[in-house]
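You will see subunit A twice below: alongside subunit B first, and alongside subunit C after that.
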Partner chain A sequence: MTTSETKRNHIESLLRACRLVSRINKNRPDCKKSELMYYQMLDKYFNNVQRAKQENGFLAAHTIFFPVEILYAMGITPLHNEVTTWTTALLLGNQAEFLTAGAEAGMAPEICSPHRGLAGGFYRQMLPRADVILWTNLICDNSAKAGEYLMELNRCPGFFLDHPFGDTQEEQAYMVEELKDMISFLEKHSGRKMNWDKLAQSVAEMDKQIKLHAEICQLRKAIPSPFPTRRFLEFLTVDYMFAGQPEATEYLVTLRDELAEMVQQKKGAVYPERFRLMTLFVPPIYLIAFLENLFQEYGAVSATEPLFTYWKYSPLDPSKPLESVVKKSYLIPESRTMYGPLGESTLQDIRDCARDYRVDGCIYYAFMGCRHTCATVKMFKDTLNEIDIPVLTLDCDLVDPTINSQSEVRDKMEQFFELLEDR
Partner chain B sequence: MKAVGLDVGSLNVKAVILDGSSAVSFAMLTVSEGAEPSARAALDEAIISSKLNGDELYIVATGVGGKAISFSQQQKAITTCLARGVHYLFPAARMVVDVGAETTTVLKINDRGRVTDWAGQDKCAAGTGMFLQAMAKIMQVSLKDMAEYSLRAKNRADITGTCAVFAESEVISHIHRVPPTPKEEIIAGIHASMVSRIMGLLKRLGIEKEVAVVGGVALDGGFIHVLEEELGFKVLVPENPQMVAALGAAILAKENLEKGVR
Partner chain C sequence: MKEIPDKNLTGLSALDYFREINRTFPKTRAIQEHKAAGKKVFGWLCTYVPEEVILAAGILPVRITGYTQETELEDGNAYLYINNCSFSRSCLQMGLRKEYDFLDGVVGGSTCDGARRLFDVWRFYLNPEFFHVLTVPRKFHERAHELYYHQVEGFKKHLEEYTGKAITDESLLKSIEVMNQQRKLLKELYELRKLDEPLITGAETMEVLNGTFRMHKEECNSYLAELINELRKKNQGHKARARIMLIGSVLNNPEFLKGIEDLDTIIVTDELCTSTRYWSEPVVLEGAKNPLEAISRRYLNNFPCARMFPSNERFDRIIQLAREARADGIISETIRYCVPYAHDIPLLSERLKHEDIPLLTLDVEYGTSGSGQIRTRVQAFIEMVEARKK
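What follows is the complex of A and B.
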C-alpha cells in the first residue's frame, strides 16, 4: 500500500468494462440475448458491491462454492473472491497487477493464482474491504487455507464452513448444523435476520435452475454443438454469483431457448464442426478470446465439460430450505466429481460424456497451481485412452500469463488437432 | 513432381527429397541468417546432390521454424512428421524419443505411423541437445567424445538437478571436489540425468516396445547406452537420426501428391 494509485478501487473499473462490453455486444449482430443479459448481470453484481460500501450495506467476501443463496436471503451483498479476480483478468487484463500485489502480500508463486490475486487485491485495497470473510473447504484446499489471512487483510471476522466429503444422512445433517451456525454468525455481525421465506423462494429458483442446466446439457449433445467455447465461463459464473436468484433463471431460460432454436436449425457454434472436444478443468481465462478464435479456425468446439457443466437433476424442497441448500452443494458438478476421494462415478461420468457427446478428443487444462487439477491427470487420461479418446494435457494457469505463451498454446493445440485429423 | 520435407529446427535445418518411396537426397545446414534463407540453402544443397533436373517440388515444412517457410506448400507439426518418419524406417516401432537441440518429445505411435499420444519437455533446456553441448564445454570434451568417456565409466556421478542451471552447478562441484570425480563418471552422470527425465516422459505415456530414438542426441552412444540400461532393452537408432522429422515431412508431401493435393 504505497501510493494512492494502488488503492484505486477496481470494482469501478470492472463496472466500466462491463458497460463497455455491453455496448459492444449490442452492436454485434451475432450477439445472443443471453450474452447481453450476462453482462447486465455482472454489472448489477458489481454495482451491488459498490453500493454495499457506499450505502452502509454489509459486504461478505467468500470463496468459491459458497452457498450465496444464504447471503441473498439475508440481504447481505456477496463478493465472490475468485470470480472477481478472474473477471478482472478477463475484462481488464490487469491480472499482473493483482499477482504482483499477491507476491507483496507474501503469496508464494506455487499457490493458486486467483487466490494469490485476490489476496493481493485486498492487500493493496484494489478490492473493497469486506465486512466478513466466509470460506469453505468445498472443493479446494487453497480455499480452506485462505480464510484466516483474508480476515487479517480485511481486519474483519470470518466463518469457516466445514463441508464434509461424503453425502451420507449424518454428513448432510452435520452440514445443516454448519449452515445454522453460519447464519447465527452472520446475524450477529451484520445485524440482519435470515428471511426464511426468501430462502425458500431461492430454493425453488435453484430447483428450476438445476433443471435448466440439465436441459442445456442435453441440448449440447446435438451435432453440431450449439454452445461456443468462450461462453463456458458464463455458465459457471451465473451459478457461482447468482445461485437461486431470479435473474439466473431468466438467463438460463433464454440460453436454453436460444440453444434449442440452434439445434432445431442444425446451427453449430463453429462451422464446419470438425472436432468435438471434451475439456477438463478451466481454460486459461486470459486466453479465452484467443482460444475461441483458434477453435473457430480449426472447427473445434468444447461439447462437454463433465467436471463443470454436467448437471444432473434431482429435486429440491423449498419447505426444507437448509437441507436443500446442502443437497444442492452435492449436486454441483464440481463437488460431485472432484470433492473428496476420486470415485468411480467421476470416471463413469467422463466415459458417459465421451460417448453421449460423441467427442473426438479431450483437452485437459492442467492448471499448475491447483492440486485437484494436477492430481488426476493420469487417471482421467488413462480412462479416456481406454476408450480411444486422445487427450492433450496442457500445462497452464488460469490467470497468470507467465506460465505459457500464446504461441506455445497454439503450437500444442495445432499438434493436437493434427493428431485428431490424422487418425 | 518430387516430395520434399524440410525440418527447420532451432539449430539446424534439414531437407529430404523423395523419389517414389526412397530418399534420394538429404542435406543439413546450421540455421544462420534466419529460417527461410537457411531452409532454401539446405534445399538447394539437397537438390544439387540429388541431381534432379528441374523437377517441380511439393514441400512440407515442419519444426519450430516450419511456419516461417513461405515457399512450402504445407506446414505440419513435428510430432506428425516424426511419427511418419520413424514408421517408414522402423514399422515395428511404437514409441519415439526425439531429443533435439531445445526440446525433448516422446511419442506413442500406432501401426500406421499415426501419433496416438505425446508428451514433451519444453520448459527447460535440461535433457536436450543444448544441455549436452553446454555440459561438453564444461567438461572440455568434444561432443563426439562424450560417448567414449561415458561408456568407460564404472560408476555414475549423481546429477539430480531438474534445471539445466542447477545441473551445471552440480557438474562444476564434481569437477572441483578433492579428489575430483572422474571425468568418465561425471559424463555418465550427465547422460543418466538426461535419461531420467526422458524415462519420466516415457512412463507417463506407458512404455511399449519398440522404442526408436531420433534427434541429434541419438548420435551419442553414451546416452543411448544409459537409456537402454534404464529401459532394459535395446532401442532403434536410425543411421541419420537428425533427419527423421524431415523424412516424415517428405513422406507427408508424398501422401499429399498421391491424394492429388497440390
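What follows is the complex of A and C.
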C-alpha cells in the first residue's frame, strides 16, 4: 500500500494515545492532578469528535483562535484543526504522513506546517469529514486562507469570520455583527439553535479563566519557577479547545493551587534552577520531551512566554455575550501582542516579563512556517539586548522534524547555556 | 514641467519618458522638485491605500517598491528574517539603505502578513514623521464597506492633523478626477494589448506602470495620452506564437515579463497589484453620500487580491480577463512565502482546468529576471499551449 492510499481515521489512534498517556501518568509519582485532568479532557474532546460522526452529530472543524465557546453553546462538536495536527505529531509521531498528504493536496512548502498537515489530513481522510468549516484571519494569512480549500476537501459549507486588524469601537462592533452572521449560518446548517443562556455561562466561565490565567502568570514569577516547560502546550490548548467550559476552569483552578503550593514550599520545576528563560513563540512540538530532559539536565526553565501565556485580566460581561466574546478575542495574549499594529505595548510586555520574571536569557523559536512571528526576531532581540538579555534564535518547525535535527538543537542550546553560565 | 529624455530609445518619446523616470527613481526630478518646493512626499504600499486622499492633502504619493533586479537582501533578511517574502525584504532594504529617505510619511493597509510586519519594522527602525496603517476588511459586504469608510475617514483626519489643513470635498473631487483619468488612460492602453497584434508588450506596459507610481498624476496622464496616440499610429503590432496572461504576487520587474516575451510570446493582459488591480475600477460618485465614501467603496470593491474572501471573486475576474484578451494560457507567479497566493493555487488550478485554460505555476523571488529554470519551464509551457492551438 502506498502512503497516498491511507484512509485511516487518526482520531481513534489519538484516543488510544491519550488513554495510554493517562495510564502512564497515573503510575508516575510526580504526576500532578492537573496533568491527569488534561489528558482526560483531551480524551473527552476526541471522543466527542468520534461520537459526532457516529451518532449523527454535527462536527465543525475550525482554525486557531476561533471562538469555540459559540460552538459549545450551540451544542456543536468542535474539531480544532491546528491542535489536532500538532497533538497527532506529539502523541502519534506521524506528522510526516500528514505533511506528505498536504504536499499531495497541493499545499506549497511555504504554507505553515500545521495547515499543510491538516489539509493533508482531510485530503487523505485521516481526519473525520467535517460538516462545516469555520475559520478566521486571527492571527495570520495561513488561518485566513485555509478555509476555502478545506471546504472543498470536505465538500461542506463554511464561514469565514473576518476579524478586524485594530481594536477601535467600529472594529469591535464589526466583529460582533460577524459573529451574529456566523450564528445564523450555523443555525441554518446544523439545525441547532444558539442557547444564549449557555453562552452567557460560558462568558462567565471565560471571565474566571482569564483571571486564573493571570494568577498563574503571577505565580510563575516565583524563584524557583514552579511550571515545567513541557506543560506549556497544555496551558495553551486548554484555552484553544475548551474556552468557557467548566472543565477548563476546574483544570486551571487545580493547576493554580498546585503551583501556589509549590511556590509556598519553594519547590521548582527543575532542581537546582540555574537558568530562567523567556520563550518567544512555540518550541518544536515533536521535541517537547527532549527539551524537557535537556532543561532538567541544565537546570533551565521557561519562566515566561510573553506572546502566549502572559494574560492580563479585564472583566467580561455575561449580559453582553457577543461583545464579551469579541473582547476576549483581543485579550488572548497572541492576539494582543502579535495581531494589529505591533508596537510599543508588545515591546513593553517583553521588557516587563524579562524584568518581572527575572530571566537570564531568551530562546526565540523561529518557526520557519510563521512569517509574522519571525519578522519580529530582530525587533525583539534588539529590545532584549538593550536590557542585557541574550537571545538564542533557533530555526525550527512546529511539527516538521526535517528543519532541525535533535543534535543540532542540543548543540545550540548547550552553547547558549554555556554563554549564560559565563555571564 | 516635462522631463524629456536625452535619447529617443524606443521610437516612442512618451515611453522613453517613463523609462527615464524609472531609471532615476527614487531620485526623480519630480520628487526632488516637489521636496524643494517644501511639499511632502508619502510612500504608500498596497493597492488598498486610497491615493486620492493623499493627493487631496497636497502630498505627492509614491508607491514603495523594492529592487527591480535580483539583489542580495542582507539587510532585509536580517530585519525581516528570511521567511518573509522577498518583496517586503527588498522594500525594507531600500528603506534601511536610505533610498526612501525623501519620504515624509508611510501609509499601508493591513493586507497580508508580509506587509503588516514590513510596516512594523519600518516604523520601529526608520520612524517616519507620519505613519498610518488602515484596517482593510477581507469581505465585500455592506458592513465591510461601512468599516472601511470609517478607516478612510480616520486616515483623512490623521492627514488633516498632520498638515494642519482641512481636506475639502472639492480637493477630493479634484483628486478623484485626476485618478479616474489615469485609470481611463491605462484601460485604453490595455485595450491596445488585446488586439490581434498588440501594439505594446507586457514588459513595456510594466515600465509605464512603474512610471505612474512615481510622478505627478497630471503629468503622468499627459504622457499616457501621448503614448496611446503614438501607439495608435504604429503600423504594425507584435506577432507572437502564444498570447499569455500573467497573474499572481506583486511584481514590477519588466525584465521578468521580457524574459517570457523573448520566447516569441506576448503578454496580453495581467492580474497583478502593480497592473490591472491598480487601475481597473474608477471611483463612482453616483450613489455615494460624499466623495470620501465613493473613494472607500472603490478601493474595497476593486479587483480583489488573494487576501480577500471569497477567492472566487478573484478567480471569476481572472477568467473574464483571460477571455477578453484571448489568452492562450495563464502564467501564475508566486513569490516564495507569499502565502495568500500560494493558498489559492490548488483551487485556482481546479477552476482553470474546468475552464480549459492552461496554467503554469512558478515560484519566484521578487526582482527575478525569469532566466534559467524559469525560462525552461515557460518554454515548455509555451510549446504545450502552441500545440493545443493547432
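Heads up, the rule we're going with is that the second predicted complex is superposed on the first by the 418 of 423 C-alpha atoms of A that agree within 3 Å, B and C clash if a C-alpha of one lies under 4 Å from a C-alpha of the other, contacts with A are read in each partner's own complex, and residues count from 1 in each chain.
Simple rule for what comes next: contacts are C-beta pairs under 8 Å (C-beta built on N, C-alpha and C of every residue); 3 or more make two chains touch, one makes a residue touch a chain.
In this text, all values refer to a predicted model and were calculated from it rather than measured experimentally.
S.K.: Return the chain, subunit B or subunit C, that is in touch with more residues of subunit A.
M.R.: Looking at subunit A, the partner in contact with more of its residues is C.
S.K.: Check the residue A:Gly93 against both partner chains and state whether it touches subunit B (first), subunit C (second), both, or neither.
M.R.: neither
S.K.: Considering only the touch criterion stated at the top, classify A:Ala146 as touching first (subunit B), second (subunit C), both, or neither.
M.R.: Touch partner of A:Ala146: subunit C, not subunit B.
S.K.: Given the touch rule stated above, what does A:Glu414 touch, subunit B (first), subunit C (second), both, or neither?
M.R.: After superposing on A, A:Glu414 lies in contact with subunit B but is clear of subunit C.
S.K.: After superposition on the shared chain, which partner residues are touched by A:Lys378: those of subunit B (first), subunit C (second), both, or neither?
M.R.: both
S.K.: With both complexes superposed on chain A, which partner does A:Ala108 reach: first (subunit B), second (subunit C), both or neither?
M.R.: second
S.K.: If we overlay the two complexes on their shared chain A, which of subunit B and subunit C does A:Pro246 touch? Say first, second, both or neither.
M.R.: After superposition on chain A, A:Pro246 lies in contact with neither partner.
S.K.: Applying the document's definition of touch, where does A:Leu342 land relative to subunit B and subunit C: first, second, both, or neither?
M.R.: Once the two structures are laid over each other on A, A:Leu342 reaches subunit C alone.
S.K.: So, A:Pro390: does it touch subunit B (first), subunit C (second), both, or neither?
M.R.: First partner only.
S.K.: Under the contact rule defined above, give the subunit A residues that sit at the interface with subunit B and also at the interface with subunit C.
M.R.: In subunit A, positions 378 sit in both the subunit B and subunit C interfaces.
S.K.: With touch defined as at the start, can you tell me which subunit A residues reach subunit B in the complex?
M.R.: Residue list for subunit A touching subunit B: 378, 385, 390-391, 393, 395, 408, 411, 414-415, 418-419, 422-423.
S.K.: Where on subunit C is subunit A touching in the complex?
M.R.: 78-85, 88, 110, 112-114, 116-121, 123-124, 133, 135-139, 143-144, 146-147, 150, 154, 306-307, 309-311, 334, 336-340, 342-347, 349-350, 363
S.K.: Using the touch definition up top, name the residues of subunit B that touch subunit A in the complex.
M.R.: 76-80, 114-119, 122-123, 204
S.K.: Inside the complex, what are the residues of subunit A that reach subunit C?
M.R.: Subunit A residues touching subunit C: 105-108, 110-112, 137, 140-142, 144-146, 148-149, 152, 160, 162, 164-166, 168, 170-171, 174, 177-178, 341-343, 366, 368-372, 374-379.
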